[in-house]
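Taking it in order: structure first as structure tokens, then the write-up.
So that you can tell them apart, the chains are marked A, B, C, D, E and F in the order they are listed, and the count of residues begins at 1 in each.
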Amino acid sequence: MRIFARTLTVHAHCDLPCGVYDPAQARIEAESVKAIQEKYQANEDPAFRTRAIAIKEQRAELVKHHLDVLWSDYFKAPHFDKYPQLHTLFNDAVKQAGAGGVKGSNDPATGQKLLELIAEIDKIFWETKQA
Amino acid sequence: MRIFARTLTVHAHCDLPCGVYDPAQARIEAESVKAIQEKYQANEDPAFRTRAIAIKEQRAELVKHHLDVLWSDYFKAPHFDKYPQLHTLFNDAVKQAGAGGVKGSNDPATGQKLLELIAEIDKIFWETKQA
Amino acid sequence: MRIFARTLTVHAHCDLPCGVYDPAQARIEAESVKAIQEKYQANEDPAFRTRAIAIKEQRAELVKHHLDVLWSDYFKAPHFDKYPQLHTLFNDAVKQAGAGGVKGSNDPATGQKLLELIAEIDKIFWETKQA
Amino acid sequence: MRIFARTLTVHAHCDLPCGVYDPAQARIEAESVKAIQEKYQANEDPAFRTRAIAIKEQRAELVKHHLDVLWSDYFKAPHFDKYPQLHTLFNDAVKQAGAGGVKGSNDPATGQKLLELIAEIDKIFWETKQA
Amino acid sequence: MRIFARTLTVHAHCDLPCGVYDPAQARIEAESVKAIQEKYQANEDPAFRTRAIAIKEQRAELVKHHLDVLWSDYFKAPHFDKYPQLHTLFNDAVKQAGAGGVKGSNDPATGQKLLELIAEIDKIFWETKQA
Amino acid sequence: MRIFARTLTVHAHCDLPCGVYDPAQARIEAESVKAIQEKYQANEDPAFRTRAIAIKEQRAELVKHHLDVLWSDYFKAPHFDKYPQLHTLFNDAVKQAGAGGVKGSNDPATGQKLLELIAEIDKIFWETKQA
């Protein structure tokens, strides 16, 4: 039922704040990043690869933005007290979305690792929403 | 089960194309728009309302963008043949996200109508994904 | 005289709406796209070609945006009734501006086809303005 | 005939460079700015006026961008030698598009003055294109 | 001498990475935010205040971006080990740059507090650069 | 002491105007451009070079933007009268930040030349601030 409920409460963020957030936004862009890496591996045309790299750069930047929004705007002091690993988890995730991760690599494994880090954040997010 | 499956296949779009799409992106921003309208109605402070209007404008523009992506990049001729109302449905939705709809109004009812139009698109989208 | 009049009424769009629109904005970016493709064909330097592809991606995205604005904000139901091919014409044009068209190809012929589709939209636009 | 020719050679800019430019892009946004100012004067609703001001700010910024592109990328040393007033004309125009002009005022007269400055630039531009 | 050295090593960030960073970018935008708040307090014209709020929103968002870049890209695990308060300091700073801080208030005191938090980050940043 | 003062008065620009400006913003991005060019020369991996070119394009565009802001918003007629070379100096600098300079070349010497032109602007800027 939590899954079902989640599909009915997918939310966006704006810093009014509108009060609605959802890790799906970061995961969505991260799935795009991994898909781009897979297409890159399957296509050796230089022009295609140039487009893939340029577009992946943009999607990865969006992942970083959506994660920064959750970390800076949704999660509050009590959350960081309850989940002492949360700061590091977010920092690892944004680094994985950056040059040391998916931006600097076209290996889908780096995109998969990013998705796994976002999944950890997603799990904590929904626990806090149900608290 | 379709709902569950959907939660596992939330996808983004990039015009590589990465081949992944999801109406959730438009719905997410539309839920933000409606939430902003509700907060606008509940707060008469001029400074707050100015921020609400400026931010709503941005989120509504994102709704239009995400809908345009689905209409131009995901849906193909066979879909438009099978769903003859699809062009009009999309056109109504982007107009509802614009000046004649949520951009020009702070009534949450306009945001709700936008969400309902997106839900219709979402229903067709998932039917085509399962076809 | 219509041509002359047109040059005096080149208009932009904003979704206030300011009420001013012009297909020239889309055509302008499309001419840029075709020119980039021609320069790409004439220069084999990898660094130059990388720049050309990255910049073409941006101009093509602007073409899509300007076309979406006309389709969603300028054209109304009566227009779509009078020009039953209009939805398909716009959808073909934005697809031509995307991955299946100029974004995914460096052949100036794809840029030329995009310009021709925009010219068809431009013709209908000015007919409606004079109606 | 120059007018007619112009309509067939409306061009955009990209800094590849694609080699295509046109003052129409700046004029288009400036006409939008003036139209917004006129609508602002005709509507006293605070919410509408907030939207008008926020949108005018964006269109005025686009005017500045399009003028900067012409000044930095299209016009070369020989042009500045032949038209000694060109630097000042451009500087006056971008200032008119800024806080001291249309951004800081909702008087359509400021938008009209901006259009007149752009028209002077447009005249010189087409003279250089025909040289 | 450290001050002098700093003026010669003001650096930007890009996620290539280019390896150059500087808290000045965040401080610069934060000083703009505070200046906007001061001008807001000194001018009761509704149109001016609308512009001030809309522009402050943008500058505050840039502060958040520049801080996120430092937190995610410059600072590494050893830094977080050496400065255990660093995660919280950054989180407090981005929150101060958001709705709960300068975005949601026009009191220059909120801008001043933001500048002080950035100054703390700046101090640690330069200590790590000299380590 | 001027150096020290400068570090305490690093300022951003917004076109409210907030009244704060600093050439450091342009220099910061230009230092990033030069660093990217150096990394490009040191790494022959095609994927890395594609990223370097795409990112350099963005940073160079930011240099142009920050210079345009100083030229259009900070410097006034009296400054241009006192420094008759200022228009040409700015025009040379934005051209050096464009296709004919750092955008079209991966030679760090072009980045160095850009930095030197910005340094000349910086010198004049601080003279006018102290006048």
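Details
In this text, a residue touches a chain if its C-beta (ideal position, glycine included) is under 8 Å from a C-beta of that chain, and two chains touch if they have at least 3 such contacts.
Quick caveat, the model's predicted, so the values are computed rather than measured.
The greater number of contacting C-beta pairs, out of the two interfaces D-F and A-C, is seen for D-F.
Of all residue numbers used where subunit B meets subunit D, under half belong to both copies. The two sides are thus made of different residues.
On residue numbers, the B-C interface is repeated by D-F, which shares over half of its contact pairs, out of the options D-F, E-F or A-B.
Note: the chain lying farthest from subunit E is C, by mean C-alpha position. Mean C-alpha position of subunit D lies 33 Å from that of subunit E. Distance from the subunit A centre to the subunit E centre is 23 Å, each centre being the mean of its Cα atoms. For subunit B, residues touching at least two other chains, in rising order: 15-16, 46, 50-51, 54-55, 103. Chain-to-chain contact here is organised irregularly, matching neither a line nor a ring nor a star, and falling short of all pairs touching.
Contact between chains, using the touch rule, shows up for A-B, A-C, A-E, A-F, B-C, B-D, B-E, C-D, C-F, D-E, D-F, E-F. Residues 46, 49-50, 53-54, 57, 103-104, 106 of subunit D touch subunit E in their complex. Interface of subunit C with subunit D (complex): residues 3-4, 6-7, 10-16, 18-20, 22, 24-25, 27-29, 31-32, 35-36, 39, 51-52, 55, 58-59. Within the complex formed with subunit C, the subunit A residues making contact are 46-48, 50-51, 54-55.
Against subunit B, in their complex, subunit C makes its touches with residues 15-17, 61, 64, 68, 71-73, 80, 87-88, 91, 94-95, 98-99, 103.
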